[in-house]
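Here it is: the structure, laid out below.
Order of writing sets the labels: A, B, C and D. Residues in every chain begin at 1.
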Amino acid sequence: MASEAVVPIKTDIDIVAARQKGRELATVMGFVSTDSTLLATAISELARNIIRYAKNGEILIASVQSGDRVGITVVARDNGPGIANISLAMQDGFSTSGGLGLGLPGVKRLMDEFHIVSDVNKGTTVTIKKWKR
Amino acid sequence: MEVPILKQGLYLIASIQAALSDVDLLHLRDALAEKVGKFRARGVIVDVTVLDVMDSFASRTLRDLAHMTRLRGAETVIVGIQPEVAFAMVQLGLTLEGVDTALDLEEGLAFLDKKTKRHTSRG
Amino acid sequence: MEVPILKQGLYLIASIQAALSDVDLLHLRDALAEKVGKFRARGVIVDVTVLDVMDSFASRTLRDLAHMTRLRGAETVIVGIQPEVAFAMVQLGLTLEGVDTALDLEEGLAFLDKKTKRHTSRG
Amino acid sequence: MASEAVVPIKTDIDIVAARQKGRELATVMGFVSTDSTLLATAISELARNIIRYAKNGEILIASVQSGDRVGITVVARDNGPGIANISLAMQDGFSTSGGLGLGLPGVKRLMDEFHIVSDVNKGTTVTIKKWKR
(Lines give C-alpha, C1' and ligand atoms only; values in the text may rest on other atoms or scores of the structure.)
Protein backbone atom coordinates (compact mmCIF):
# COMPACT_ATOMS: atom_id res chain seq x y z
CA MET A 1 0.00 0.00 0.00
CA ALA A 2 2.96 2.32 -0.60
CA SER A 3 1.76 5.65 -1.83
CA GLU A 4 3.46 8.91 -2.54
CA ALA A 5 2.45 12.29 -3.86
CA VAL A 6 4.34 15.49 -4.45
CA VAL A 7 2.40 18.74 -4.42
CA PRO A 8 4.21 21.81 -5.75
CA ILE A 9 3.50 24.83 -3.55
CA LYS A 10 3.37 28.08 -5.46
CA THR A 11 0.09 29.84 -4.66
CA ASP A 12 -2.43 29.87 -1.85
CA ILE A 13 -4.61 27.40 -3.74
CA ASP A 14 -1.83 24.82 -3.50
CA ILE A 15 -2.13 24.99 0.28
CA VAL A 16 -5.67 23.65 0.01
CA ALA A 17 -4.60 21.03 -2.54
CA ALA A 18 -1.77 19.79 -0.34
CA ARG A 19 -3.84 19.40 2.78
CA GLN A 20 -6.62 17.66 0.86
CA LYS A 21 -4.05 15.24 -0.55
CA GLY A 22 -2.89 14.51 2.98
CA ARG A 23 -6.39 13.92 4.25
CA GLU A 24 -7.15 11.69 1.28
CA LEU A 25 -4.20 9.41 1.99
CA ALA A 26 -5.01 9.33 5.70
CA THR A 27 -8.58 8.33 4.94
CA VAL A 28 -7.53 5.63 2.48
CA MET A 29 -5.10 4.25 5.05
CA GLY A 30 -7.85 4.10 7.66
CA PHE A 31 -6.63 6.82 10.00
CA VAL A 32 -9.15 7.86 12.60
CA SER A 33 -10.88 10.99 11.48
CA THR A 34 -9.35 13.18 14.20
CA ASP A 35 -5.85 12.25 13.09
CA SER A 36 -6.69 13.00 9.45
CA THR A 37 -7.75 16.45 10.59
CA LEU A 38 -4.55 16.96 12.57
CA LEU A 39 -2.48 15.89 9.58
CA ALA A 40 -4.37 18.16 7.16
CA THR A 41 -3.98 21.08 9.55
CA ALA A 42 -0.25 20.48 9.94
CA ILE A 43 0.21 20.34 6.15
CA SER A 44 -1.71 23.59 5.83
CA GLU A 45 0.65 25.35 8.23
CA LEU A 46 3.80 24.03 6.57
CA ALA A 47 2.54 24.86 3.09
CA ARG A 48 1.70 28.39 4.14
CA ASN A 49 5.16 28.89 5.62
CA ILE A 50 6.63 27.88 2.25
CA ILE A 51 4.55 30.49 0.44
CA ARG A 52 5.10 33.14 3.06
CA TYR A 53 8.82 32.78 3.63
CA ALA A 54 10.22 30.95 0.60
CA LYS A 55 7.71 31.89 -2.11
CA ASN A 56 7.64 28.33 -3.43
CA GLY A 57 8.62 24.78 -2.67
CA GLU A 58 6.99 21.39 -2.50
CA ILE A 59 5.27 19.02 -0.16
CA LEU A 60 5.77 15.30 -0.34
CA ILE A 61 3.20 13.05 1.27
CA ALA A 62 3.92 9.36 1.64
CA SER A 63 2.87 6.29 3.54
CA VAL A 64 5.56 4.78 5.76
CA GLN A 65 5.95 1.50 7.54
CA SER A 66 8.09 0.66 10.55
CA GLY A 67 7.75 -2.81 12.02
CA ASP A 68 4.03 -3.36 12.28
CA ARG A 69 3.19 0.32 12.43
CA VAL A 70 2.02 2.27 9.44
CA GLY A 71 1.86 5.99 9.18
CA ILE A 72 2.17 9.03 6.99
CA THR A 73 5.23 11.16 6.56
CA VAL A 74 5.14 14.63 5.13
CA VAL A 75 8.21 16.47 3.90
CA ALA A 76 7.83 20.21 3.31
CA ARG A 77 10.86 21.66 1.56
CA ASP A 78 11.90 24.90 0.00
CA ASN A 79 15.02 26.68 -1.21
CA GLY A 80 14.06 29.87 0.58
CA PRO A 81 15.92 32.06 3.06
CA GLY A 82 16.17 29.39 5.77
CA ILE A 83 15.86 29.92 9.51
CA ALA A 84 18.79 31.41 11.39
CA ASN A 85 17.74 30.34 14.87
CA ILE A 86 15.64 27.20 14.87
CA SER A 87 15.09 26.93 18.62
CA LEU A 88 13.75 30.49 18.58
CA ALA A 89 11.46 29.71 15.62
CA MET A 90 10.13 26.69 17.53
CA GLN A 91 8.86 28.84 20.37
CA ASP A 92 5.19 29.68 20.69
CA GLY A 93 4.61 33.24 19.59
CA PHE A 94 7.90 33.79 17.79
CA SER A 95 7.37 35.25 14.33
CA THR A 96 9.47 37.32 11.96
CA SER A 97 6.41 38.24 9.92
CA GLY A 98 4.07 39.61 12.57
CA GLY A 99 2.27 36.27 12.43
CA LEU A 100 0.90 34.35 15.36
CA GLY A 101 4.11 32.33 15.63
CA LEU A 102 2.18 29.16 16.36
CA GLY A 103 2.81 27.31 13.11
CA LEU A 104 6.01 25.40 13.78
CA PRO A 105 5.53 24.64 17.50
CA GLY A 106 1.86 23.90 16.83
CA VAL A 107 2.65 21.44 14.05
CA LYS A 108 5.04 19.71 16.40
CA ARG A 109 2.23 19.29 18.94
CA LEU A 110 -0.11 17.92 16.28
CA MET A 111 2.30 15.25 15.06
CA ASP A 112 4.02 12.19 16.51
CA GLU A 113 7.38 13.11 15.04
CA PHE A 114 8.82 16.41 13.92
CA HIS A 115 12.17 17.20 12.41
CA ILE A 116 13.45 20.42 10.96
CA VAL A 117 16.63 21.20 9.05
CA SER A 118 17.35 24.67 7.79
CA ASP A 119 20.33 26.45 6.27
CA VAL A 120 20.36 30.19 5.91
CA ASN A 121 20.11 31.13 2.23
CA LYS A 122 19.72 27.49 1.27
CA GLY A 123 16.29 26.51 2.47
CA THR A 124 14.22 24.64 4.96
CA THR A 125 13.01 21.06 5.21
CA VAL A 126 10.43 20.03 7.77
CA THR A 127 9.66 16.33 8.11
CA ILE A 128 6.69 15.20 10.15
CA LYS A 129 5.12 11.83 10.89
CA LYS A 130 1.82 10.65 12.17
CA TRP A 131 1.33 6.98 13.02
CA LYS A 132 -1.93 5.21 12.50
CA ARG A 133 -3.64 4.31 15.76
CA MET B 1 -14.98 30.11 -4.19
CA GLU B 2 -17.20 33.13 -3.50
CA VAL B 3 -19.03 32.72 -0.19
CA PRO B 4 -22.73 33.59 -0.50
CA ILE B 5 -23.84 36.24 1.98
CA LEU B 6 -27.53 36.28 2.83
CA LYS B 7 -29.34 39.12 4.50
CA GLN B 8 -31.80 37.98 7.12
CA GLY B 9 -33.45 40.85 8.94
CA LEU B 10 -30.74 42.74 10.76
CA TYR B 11 -28.20 40.00 10.24
CA LEU B 12 -25.87 38.89 7.51
CA ILE B 13 -25.26 35.16 7.18
CA ALA B 14 -22.19 33.89 5.36
CA SER B 15 -22.40 30.16 4.77
CA ILE B 16 -19.10 28.75 3.68
CA GLN B 17 -19.81 26.02 1.12
CA ALA B 18 -16.41 24.48 0.47
CA ALA B 19 -12.74 24.70 1.41
CA LEU B 20 -11.50 28.27 1.10
CA SER B 21 -8.13 29.48 -0.04
CA ASP B 22 -6.42 32.28 1.86
CA VAL B 23 -7.49 34.77 -0.79
CA ASP B 24 -11.11 33.59 -0.53
CA LEU B 25 -10.99 34.16 3.22
CA LEU B 26 -9.67 37.69 2.81
CA HIS B 27 -12.42 38.41 0.31
CA LEU B 28 -15.01 37.15 2.74
CA ARG B 29 -13.62 39.35 5.49
CA ASP B 30 -13.67 42.45 3.33
CA ALA B 31 -17.05 41.72 1.78
CA LEU B 32 -18.65 41.37 5.20
CA ALA B 33 -17.07 44.52 6.56
CA GLU B 34 -18.41 46.39 3.57
CA LYS B 35 -21.88 44.80 3.53
CA VAL B 36 -22.40 45.54 7.22
CA GLY B 37 -22.49 49.19 6.23
CA LYS B 38 -24.48 48.71 3.07
CA PHE B 39 -27.23 46.73 4.79
CA ARG B 40 -26.94 48.46 8.16
CA ALA B 41 -26.57 45.01 9.72
CA ARG B 42 -26.38 44.55 13.48
CA GLY B 43 -25.06 41.03 13.45
CA VAL B 44 -22.99 38.68 11.31
CA ILE B 45 -22.96 34.90 11.34
CA VAL B 46 -20.15 33.01 9.65
CA ASP B 47 -21.05 29.36 9.30
CA VAL B 48 -17.88 27.24 9.07
CA THR B 49 -19.58 23.85 9.44
CA VAL B 50 -18.06 22.48 6.22
CA LEU B 51 -14.50 23.60 6.98
CA ASP B 52 -12.43 20.54 7.79
CA VAL B 53 -9.33 22.58 8.58
CA MET B 54 -9.04 25.82 10.47
CA ASP B 55 -5.40 26.78 10.51
CA SER B 56 -3.66 29.83 11.92
CA PHE B 57 -4.39 31.92 8.84
CA ALA B 58 -8.11 31.13 8.87
CA SER B 59 -8.34 31.75 12.62
CA ARG B 60 -6.59 35.03 12.33
CA THR B 61 -8.72 36.16 9.40
CA LEU B 62 -11.95 35.27 11.20
CA ARG B 63 -10.76 37.11 14.28
CA ASP B 64 -9.93 40.18 12.19
CA LEU B 65 -13.32 39.90 10.51
CA ALA B 66 -15.07 39.88 13.89
CA HIS B 67 -13.11 42.90 15.06
CA MET B 68 -13.72 44.80 11.82
CA THR B 69 -17.48 44.27 11.85
CA ARG B 70 -17.60 45.28 15.52
CA LEU B 71 -15.87 48.56 14.70
CA ARG B 72 -18.62 49.01 12.11
CA GLY B 73 -21.35 48.36 14.69
CA ALA B 74 -22.16 44.70 14.08
CA GLU B 75 -21.45 41.69 16.29
CA THR B 76 -20.02 38.59 14.64
CA VAL B 77 -20.49 35.02 15.79
CA ILE B 78 -18.69 32.05 14.27
CA VAL B 79 -20.82 28.92 14.18
CA GLY B 80 -20.30 25.27 13.29
CA ILE B 81 -16.72 24.57 14.35
CA GLN B 82 -16.58 20.77 14.38
CA PRO B 83 -15.14 18.89 17.39
CA GLU B 84 -12.10 17.63 15.51
CA VAL B 85 -11.41 21.04 14.09
CA ALA B 86 -11.71 22.54 17.57
CA PHE B 87 -9.23 19.94 18.81
CA ALA B 88 -6.70 20.74 16.09
CA MET B 89 -7.09 24.46 16.70
CA VAL B 90 -6.50 24.14 20.40
CA GLN B 91 -3.42 21.98 19.85
CA LEU B 92 -2.05 24.63 17.54
CA GLY B 93 -2.78 27.24 20.18
CA LEU B 94 -5.60 28.95 18.29
CA THR B 95 -8.39 29.85 20.68
CA LEU B 96 -10.25 32.63 18.83
CA GLU B 97 -9.90 34.67 21.99
CA GLY B 98 -12.31 37.60 21.99
CA VAL B 99 -14.44 36.12 19.22
CA ASP B 100 -17.93 34.82 19.93
CA THR B 101 -18.80 31.29 18.91
CA ALA B 102 -21.94 29.19 18.90
CA LEU B 103 -22.75 25.58 18.12
CA ASP B 104 -24.68 26.09 14.90
CA LEU B 105 -26.75 28.56 12.88
CA GLU B 106 -29.73 28.32 15.21
CA GLU B 107 -27.68 28.97 18.33
CA GLY B 108 -25.87 31.73 16.50
CA LEU B 109 -29.12 33.50 15.71
CA ALA B 110 -30.27 33.13 19.32
CA PHE B 111 -26.94 34.49 20.48
CA LEU B 112 -27.17 37.55 18.24
CA ASP B 113 -30.77 38.18 19.28
CA LYS B 114 -29.63 38.31 22.87
CA LYS B 115 -26.44 40.23 22.23
CA THR B 116 -28.05 42.86 20.03
CA LYS B 117 -31.03 42.89 22.42
CA ARG B 118 -33.42 42.64 19.52
CA HIS B 119 -36.20 40.29 20.36
CA THR B 120 -38.27 41.39 17.43
CA SER B 121 -38.93 39.07 14.55
CA ARG B 122 -36.28 38.48 11.96
CA GLY B 123 -36.55 37.83 8.26
CA MET C 1 -11.89 5.55 35.28
CA GLU C 2 -14.72 6.90 33.15
CA VAL C 3 -15.91 10.27 34.42
CA PRO C 4 -19.72 10.44 34.61
CA ILE C 5 -21.17 13.37 32.67
CA LEU C 6 -24.61 14.55 33.78
CA LYS C 7 -26.88 16.80 31.80
CA GLN C 8 -28.58 19.44 33.90
CA GLY C 9 -30.67 21.81 31.86
CA LEU C 10 -28.36 23.63 29.48
CA TYR C 11 -25.26 22.47 31.29
CA LEU C 12 -23.08 19.38 31.37
CA ILE C 13 -21.54 18.46 34.69
CA ALA C 14 -18.51 16.19 34.83
CA SER C 15 -17.76 15.11 38.38
CA ILE C 16 -14.37 13.52 38.65
CA GLN C 17 -14.63 10.67 41.15
CA ALA C 18 -11.05 9.49 41.60
CA ALA C 19 -7.50 10.10 40.44
CA LEU C 20 -7.35 10.18 36.66
CA SER C 21 -4.60 8.93 34.40
CA ASP C 22 -3.50 11.04 31.44
CA VAL C 23 -5.55 8.88 29.10
CA ASP C 24 -8.64 9.30 31.29
CA LEU C 25 -8.20 13.06 31.13
CA LEU C 26 -7.94 13.03 27.35
CA HIS C 27 -11.11 10.94 27.16
CA LEU C 28 -12.92 13.40 29.37
CA ARG C 29 -11.82 16.30 27.17
CA ASP C 30 -12.98 14.63 23.96
CA ALA C 31 -16.22 13.34 25.45
CA LEU C 32 -17.19 16.82 26.62
CA ALA C 33 -16.34 18.48 23.30
CA GLU C 34 -18.57 15.97 21.57
CA LYS C 35 -21.43 16.01 24.09
CA VAL C 36 -21.65 19.80 23.97
CA GLY C 37 -22.91 19.38 20.42
CA LYS C 38 -25.10 16.40 21.10
CA PHE C 39 -26.92 18.04 24.01
CA ARG C 40 -26.66 21.60 22.71
CA ALA C 41 -25.13 22.56 26.04
CA ARG C 42 -24.32 26.16 26.82
CA GLY C 43 -22.12 25.49 29.77
CA VAL C 44 -19.80 22.82 31.16
CA ILE C 45 -18.72 22.30 34.74
CA VAL C 46 -15.76 20.11 35.56
CA ASP C 47 -15.65 19.30 39.25
CA VAL C 48 -12.09 18.49 40.33
CA THR C 49 -12.76 18.49 44.09
CA VAL C 50 -11.34 15.00 44.58
CA LEU C 51 -8.14 15.59 42.61
CA ASP C 52 -5.22 15.76 45.03
CA VAL C 53 -2.73 16.57 42.28
CA MET C 54 -3.10 18.88 39.33
CA ASP C 55 0.10 18.74 37.35
CA SER C 56 1.09 20.39 34.09
CA PHE C 57 -0.57 17.71 31.98
CA ALA C 58 -3.88 17.96 33.81
CA SER C 59 -3.80 21.75 33.70
CA ARG C 60 -3.08 21.76 30.04
CA THR C 61 -5.77 19.23 29.26
CA LEU C 62 -8.37 21.18 31.25
CA ARG C 63 -7.33 24.35 29.47
CA ASP C 64 -7.65 22.63 26.08
CA LEU C 65 -11.04 21.27 27.14
CA ALA C 66 -12.24 24.77 28.04
CA HIS C 67 -11.02 26.18 24.74
CA MET C 68 -12.53 23.34 22.72
CA THR C 69 -15.97 23.64 24.28
CA ARG C 70 -15.85 27.40 23.84
CA LEU C 71 -15.13 26.98 20.13
CA ARG C 72 -18.26 24.83 20.13
CA GLY C 73 -20.30 27.53 21.84
CA ALA C 74 -20.24 26.39 25.47
CA GLU C 75 -18.47 28.03 28.39
CA THR C 76 -16.51 25.81 30.75
CA VAL C 77 -15.84 26.46 34.40
CA ILE C 78 -13.50 24.36 36.56
CA VAL C 79 -14.71 24.02 40.13
CA GLY C 80 -13.33 22.55 43.34
CA ILE C 81 -9.59 23.16 43.10
CA GLN C 82 -8.42 22.54 46.67
CA PRO C 83 -6.21 25.12 48.42
CA GLU C 84 -3.17 22.86 48.57
CA VAL C 85 -3.59 21.88 44.95
CA ALA C 86 -3.86 25.55 44.01
CA PHE C 87 -0.66 26.23 45.94
CA ALA C 88 1.24 23.47 44.12
CA MET C 89 -0.09 24.67 40.77
CA VAL C 90 1.07 28.21 41.38
CA GLN C 91 4.52 27.00 42.43
CA LEU C 92 4.76 25.03 39.21
CA GLY C 93 3.70 28.08 37.25
CA LEU C 94 0.30 26.71 36.20
CA THR C 95 -2.27 29.45 36.37
CA LEU C 96 -5.04 28.17 34.08
CA GLU C 97 -4.88 31.54 32.36
CA GLY C 98 -7.94 32.14 30.23
CA VAL C 99 -9.91 29.41 31.97
CA ASP C 100 -12.79 30.25 34.29
CA THR C 101 -12.83 28.78 37.78
CA ALA C 102 -15.24 28.81 40.69
CA LEU C 103 -15.13 27.64 44.28
CA ASP C 104 -17.54 24.76 44.01
CA LEU C 105 -20.42 23.32 42.02
CA GLU C 106 -22.91 25.87 43.34
CA GLU C 107 -20.70 28.82 42.47
CA GLY C 108 -19.96 27.21 39.13
CA LEU C 109 -23.67 27.01 38.30
CA ALA C 110 -24.18 30.62 39.36
CA PHE C 111 -21.22 31.67 37.24
CA LEU C 112 -22.58 29.90 34.16
CA ASP C 113 -26.05 31.35 34.72
CA LYS C 114 -24.53 34.80 34.68
CA LYS C 115 -22.16 34.16 31.83
CA THR C 116 -24.74 32.56 29.58
CA LYS C 117 -27.29 35.13 30.75
CA ARG C 118 -29.91 32.51 31.41
CA HIS C 119 -31.81 33.27 34.55
CA THR C 120 -34.50 30.74 33.84
CA SER C 121 -34.79 27.57 35.84
CA ARG C 122 -32.49 24.68 35.17
CA GLY C 123 -32.95 20.95 35.49
CA MET D 1 11.58 4.16 60.02
CA ALA D 2 13.63 3.67 56.86
CA SER D 3 11.37 3.02 53.94
CA GLU D 4 11.98 2.63 50.28
CA ALA D 5 9.86 1.88 47.25
CA VAL D 6 10.68 1.59 43.59
CA VAL D 7 7.92 2.22 41.07
CA PRO D 8 8.62 1.17 37.48
CA ILE D 9 7.37 3.82 35.07
CA LYS D 10 6.08 2.40 31.81
CA THR D 11 2.58 3.73 31.18
CA ASP D 12 0.51 6.71 32.19
CA ILE D 13 -1.09 4.68 34.97
CA ASP D 14 2.30 4.33 36.64
CA ILE D 15 2.43 8.11 36.97
CA VAL D 16 -0.59 7.96 39.24
CA ALA D 17 0.83 4.98 41.14
CA ALA D 18 4.16 6.74 41.75
CA ARG D 19 2.67 9.93 43.06
CA GLN D 20 0.28 8.04 45.31
CA LYS D 21 3.23 6.09 46.70
CA GLY D 22 4.98 9.37 47.46
CA ARG D 23 1.97 10.85 49.19
CA GLU D 24 1.52 7.67 51.21
CA LEU D 25 5.05 7.80 52.58
CA ALA D 26 4.76 11.53 53.30
CA THR D 27 1.54 10.93 55.23
CA VAL D 28 3.01 8.04 57.21
CA MET D 29 6.02 10.18 58.09
CA GLY D 30 3.76 12.95 59.34
CA PHE D 31 4.44 15.53 56.63
CA VAL D 32 2.04 18.45 56.67
CA SER D 33 -0.61 17.91 54.07
CA THR D 34 0.56 20.77 51.83
CA ASP D 35 4.01 19.26 51.56
CA SER D 36 2.56 15.85 50.69
CA THR D 37 0.74 17.54 47.85
CA LEU D 38 3.88 19.31 46.64
CA LEU D 39 5.78 16.03 46.71
CA ALA D 40 3.06 14.13 44.86
CA THR D 41 2.90 16.86 42.23
CA ALA D 42 6.66 16.83 41.74
CA ILE D 43 6.68 13.05 41.33
CA SER D 44 3.91 13.36 38.78
CA GLU D 45 5.96 15.75 36.65
CA LEU D 46 9.12 13.65 36.81
CA ALA D 47 7.25 10.45 36.02
CA ARG D 48 5.59 12.04 33.03
CA ASN D 49 8.92 13.26 31.68
CA ILE D 50 10.19 9.68 31.85
CA ILE D 51 7.25 8.44 29.79
CA ARG D 52 7.35 11.33 27.38
CA TYR D 53 11.06 11.52 26.70
CA ALA D 54 12.55 8.18 27.71
CA LYS D 55 9.56 5.82 27.25
CA ASN D 56 10.33 4.06 30.53
CA GLY D 57 12.36 4.23 33.69
CA GLU D 58 11.78 4.09 37.41
CA ILE D 59 11.10 6.21 40.43
CA LEU D 60 12.61 5.47 43.79
CA ILE D 61 10.98 6.97 46.85
CA ALA D 62 12.78 6.75 50.19
CA SER D 63 12.87 8.29 53.61
CA VAL D 64 16.11 10.02 54.51
CA GLN D 65 17.63 11.29 57.70
CA SER D 66 20.26 13.97 58.20
CA GLY D 67 21.09 14.95 61.75
CA ASP D 68 17.73 15.43 63.39
CA ARG D 69 15.92 16.19 60.15
CA VAL D 70 13.89 13.61 58.33
CA GLY D 71 12.66 13.88 54.82
CA ILE D 72 11.84 12.12 51.61
CA THR D 73 14.08 11.74 48.62
CA VAL D 74 12.84 10.82 45.19
CA VAL D 75 15.08 9.61 42.40
CA ALA D 76 13.63 9.56 38.90
CA ARG D 77 15.88 7.79 36.43
CA ASP D 78 15.77 6.60 32.89
CA ASN D 79 18.09 5.41 30.15
CA GLY D 80 16.49 7.68 27.60
CA PRO D 81 17.93 10.27 25.21
CA GLY D 82 19.25 12.55 27.93
CA ILE D 83 19.24 16.34 27.91
CA ALA D 84 21.80 18.16 25.78
CA ASN D 85 21.52 21.53 27.46
CA ILE D 86 20.42 21.29 31.08
CA SER D 87 20.42 24.99 31.85
CA LEU D 88 18.10 25.52 28.89
CA ALA D 89 15.83 22.67 30.04
CA MET D 90 15.65 24.29 33.48
CA GLN D 91 14.17 27.47 32.05
CA ASP D 92 10.47 28.21 32.44
CA GLY D 93 8.76 27.69 29.13
CA PHE D 94 11.53 25.73 27.44
CA SER D 95 10.22 22.56 25.87
CA THR D 96 11.38 20.33 23.05
CA SER D 97 7.95 18.69 22.84
CA GLY D 98 5.69 21.72 22.48
CA GLY D 99 4.87 21.25 26.17
CA LEU D 100 4.47 23.99 28.76
CA GLY D 101 8.12 23.68 29.76
CA LEU D 102 7.29 24.13 33.43
CA GLY D 103 8.03 20.61 34.65
CA LEU D 104 11.70 20.75 35.60
CA PRO D 105 11.89 24.37 36.83
CA GLY D 106 8.54 23.91 38.57
CA VAL D 107 9.67 20.77 40.39
CA LYS D 108 12.72 22.65 41.55
CA ARG D 109 10.48 25.33 43.06
CA LEU D 110 8.30 22.72 44.79
CA MET D 111 11.20 20.95 46.50
CA ASP D 112 13.87 21.81 49.05
CA GLU D 113 16.62 20.20 47.01
CA PHE D 114 16.92 19.45 43.34
CA HIS D 115 19.70 17.78 41.43
CA ILE D 116 19.83 16.67 37.83
CA VAL D 117 22.39 14.62 35.94
CA SER D 118 21.95 13.80 32.31
CA ASP D 119 24.08 12.31 29.56
CA VAL D 120 23.02 12.45 25.95
CA ASN D 121 22.08 8.96 24.76
CA LYS D 122 22.61 7.57 28.24
CA GLY D 123 19.78 8.89 30.30
CA THR D 124 18.63 11.28 32.96
CA THR D 125 18.52 11.13 36.75
CA VAL D 126 16.69 13.72 38.77
CA THR D 127 17.03 13.62 42.54
CA ILE D 128 14.78 15.73 44.73
CA LYS D 129 14.32 16.12 48.47
CA LYS D 130 11.67 17.48 50.73
CA TRP D 131 12.34 17.87 54.46
CA LYS D 132 9.66 17.37 57.06
CA ARG D 133 8.66 20.61 58.73
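In this section, contacts are C-beta pairs under 8 Å (C-beta built on N, C-alpha and C of every residue); 3 or more make two chains touch, one makes a residue touch a chain.
On a predicted model such as this, the values are computed, not experimentally measured, just so you know.
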item: Magnitude of the superposing rotation for chain A and chain D (Cα, nearest 5°); value: 85
item: Chain centre separation (chain B, chain C; CA means) in Å; value: 26
item: Chain A and chain D, separation of their C-alpha mean positions in angstrom; value: 35
item: Averaged-CA centre spacing for the pair chain C and chain A, given as whole angstrom; value: 33
item: Residues of chain B engaged with two or more neighbouring chains; value: 85, 87, 89, 91
item: Topology of the chain contact graph, where touching chains are joined (line, ring, star, complete, other); value: ring
item: All touching chain pairs, where touch follows the definition stated at the start; value: A-B, A-D, B-C, C-D
item: Residue ranges of chain C in contact with chain B within the complex; value: 30, 33-34, 36-37, 40, 64, 67-68, 70-74, 98, 117
item: Chain A contact footprint on chain D (complex, rising order); value: 93, 97-98
item: Contact set on chain D toward chain C in their complex; value: 12-13, 15-16, 19-20, 23, 33-34, 37-38, 40-41, 44-45, 48, 92, 99-100, 102-103, 105-107, 109-110
item: Chain A to chain D touching residues, read off their complex; value: 91-92, 105-106, 108-109
item: List of chain B residues in touch with chain C within their complex; value: 79, 81, 83, 85-87, 89-91, 95-97, 101-104, 107, 111, 114
